[in-house]
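What follows is a single structure, and I will ask about it in a moment.
For clarity, chains are labelled A, B, C, D, E and F in written order, and residue numbers in each chain start from 1.
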Amino acid sequence: MPMVQVTMLEGRTTEQKRKLAKRITDALVEEAAARREAIVIAFHDVTKESYASGGVLMADKGK
Amino acid sequence: MPMVQVTMLEGRTTEQKRKLAKRITDALVEEAAARREAIVIAFHDVTKESYASGGVLMADKGK
Amino acid sequence: MPMVQVTMLEGRTTEQKRKLAKRITDALVEEAAARREAIVIAFHDVTKESYASGGVLMADKGK
Amino acid sequence: MPMVQVTMLEGRTTEQKRKLAKRITDALVEEAAARREAIVIAFHDVTKESYASGGVLMADKGK
Amino acid sequence: MPMVQVTMLEGRTTEQKRKLAKRITDALVEEAAARREAIVIAFHDVTKESYASGGVLMADKGK
Amino acid sequence: MPMVQVTMLEGRTTEQKRKLAKRITDALVEEAAARREAIVIAFHDVTKESYASGGVLMADKGK
């Protein structure tokens, strides 16, 4: 029963999440012998004001 | 100080979360000897477009 | 497909987790209309050196 | 590559998150020898209806 | 800077995680236009005593 | 009641976690007006075989 939590910057489309869900699930089935129906994936979209790398908010990058 | 993170499809009411918070907390106090005031629970609501099982988005199920 | 992640201090027995898993699942089924088979719960045990409240490691409390 | 997930009640400003991101990153660099560019921080804001302590939703406190 | 957290039953080999890391990363790069170097993946292995579905610990299944 | 989850490569000492817990907590109190006693921090140590960036396990880096 693998649980996958993906935290990404908001803005991905439903079509992108659809493909990601399929490919991540396929990988778990084919490489880790997980049972397909048991795999759950959640996408947590965060805003640029709620995401930082290197100590700098994404909202402040490139300024 | 147990931390509980519940990721669910959006749509649950405040009343449902109120009851869940109470019952999950009661369970931790009664079964795991956790101190009541120290138990924190967060509900992360995700949309049907951000949740998948079996490699298929909830938004696409039943289509 | 609710996913529940419980982060607790290590030391809980299998019997305690068994009861917690049952009660948390029952709560989600009865209060939030979740489908029983779809509920996944993971317990993440952390050591006293890896858990802090109020800025103080559990390992340092009561010293 | 430390990943930091901060779950807080909603309402913090971008300026507060900017300072938190900087200080948490500085702490990881200075105390844990993490590489600055490799540190990722996500803030998950939850509503008062989605956050409970002691078995009571934040929305119900003080009532 | 996508963060991916995979919670699975323990027992997967390093080779399985190696392939999963590669395929999940490839999926994020190709489908979600994420920058490869910015993708971080953590595998959280849990024991059969710390994982439940349908309210039953994995350790108790099939008994 | 902020919850902070830090996922890092294993190997940090208790002294390093002690300082991190203090500094992260101080930051939340001073910058986000969080109540000190209500802040909970968990460190999740992962092995080099369970952590990847850029699609490559930390165990394989520098080979």
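What we mean here is this: a contact is a pair of C-beta atoms (placed from the backbone, for glycine too) under 8 Å apart; a residue touches a chain by one contact, two chains touch by 3 or more.
Just so you know, these numbers come straight off a predicted model, no measurement behind them.
Chains that count as touching both chain A and chain F, per the definition above, are B, C, D, E.
Comparing mean CA positions across the assembly, the chain most remote from chain E is D. Interface residue usage between chain B and chain C, two copies of one sequence, is largely shared: over half of the residue numbers at the contact are used by both copies.
Chain pairs B-D and D-E differ in how many C-beta pairs are in contact, and the one with more is B-D. One finds 19 Å separating the Cα centroids of chain E and chain F.
The distance from the centre of chain A to the centre of chain E, with each centre set as the mean of the Cα atoms, comes to 12 Å.
A straight line joining the Cα centres of chain B and chain F is 23 Å long.
Residue positions of chain E with contacts to 2 or more other chains are 1, 3, 5, 7, 24, 26, 38, 40, 42, 44, 51, 53.
Chain pairs that touch one another are A-B, A-C, A-D, A-E, B-C, B-D, B-F, C-E, C-F, D-E, D-F, E-F. On the side of chain A, the complex with chain C involves touching residues 1, 3, 5, 38, 40, 42.
Remark: chain F residues 7, 44, 46, 49-57, 59-60 touch chain E in the complex. Within the complex formed with chain C, the chain B residues making contact are 1-9, 12, 16, 19-20, 23-24, 26-28, 31-32, 34, 38, 51, 53, 58. The part of chain A that touches chain B in the complex is made up of residues 5, 14, 17-18, 21-22, 24-26, 29, 36-45.
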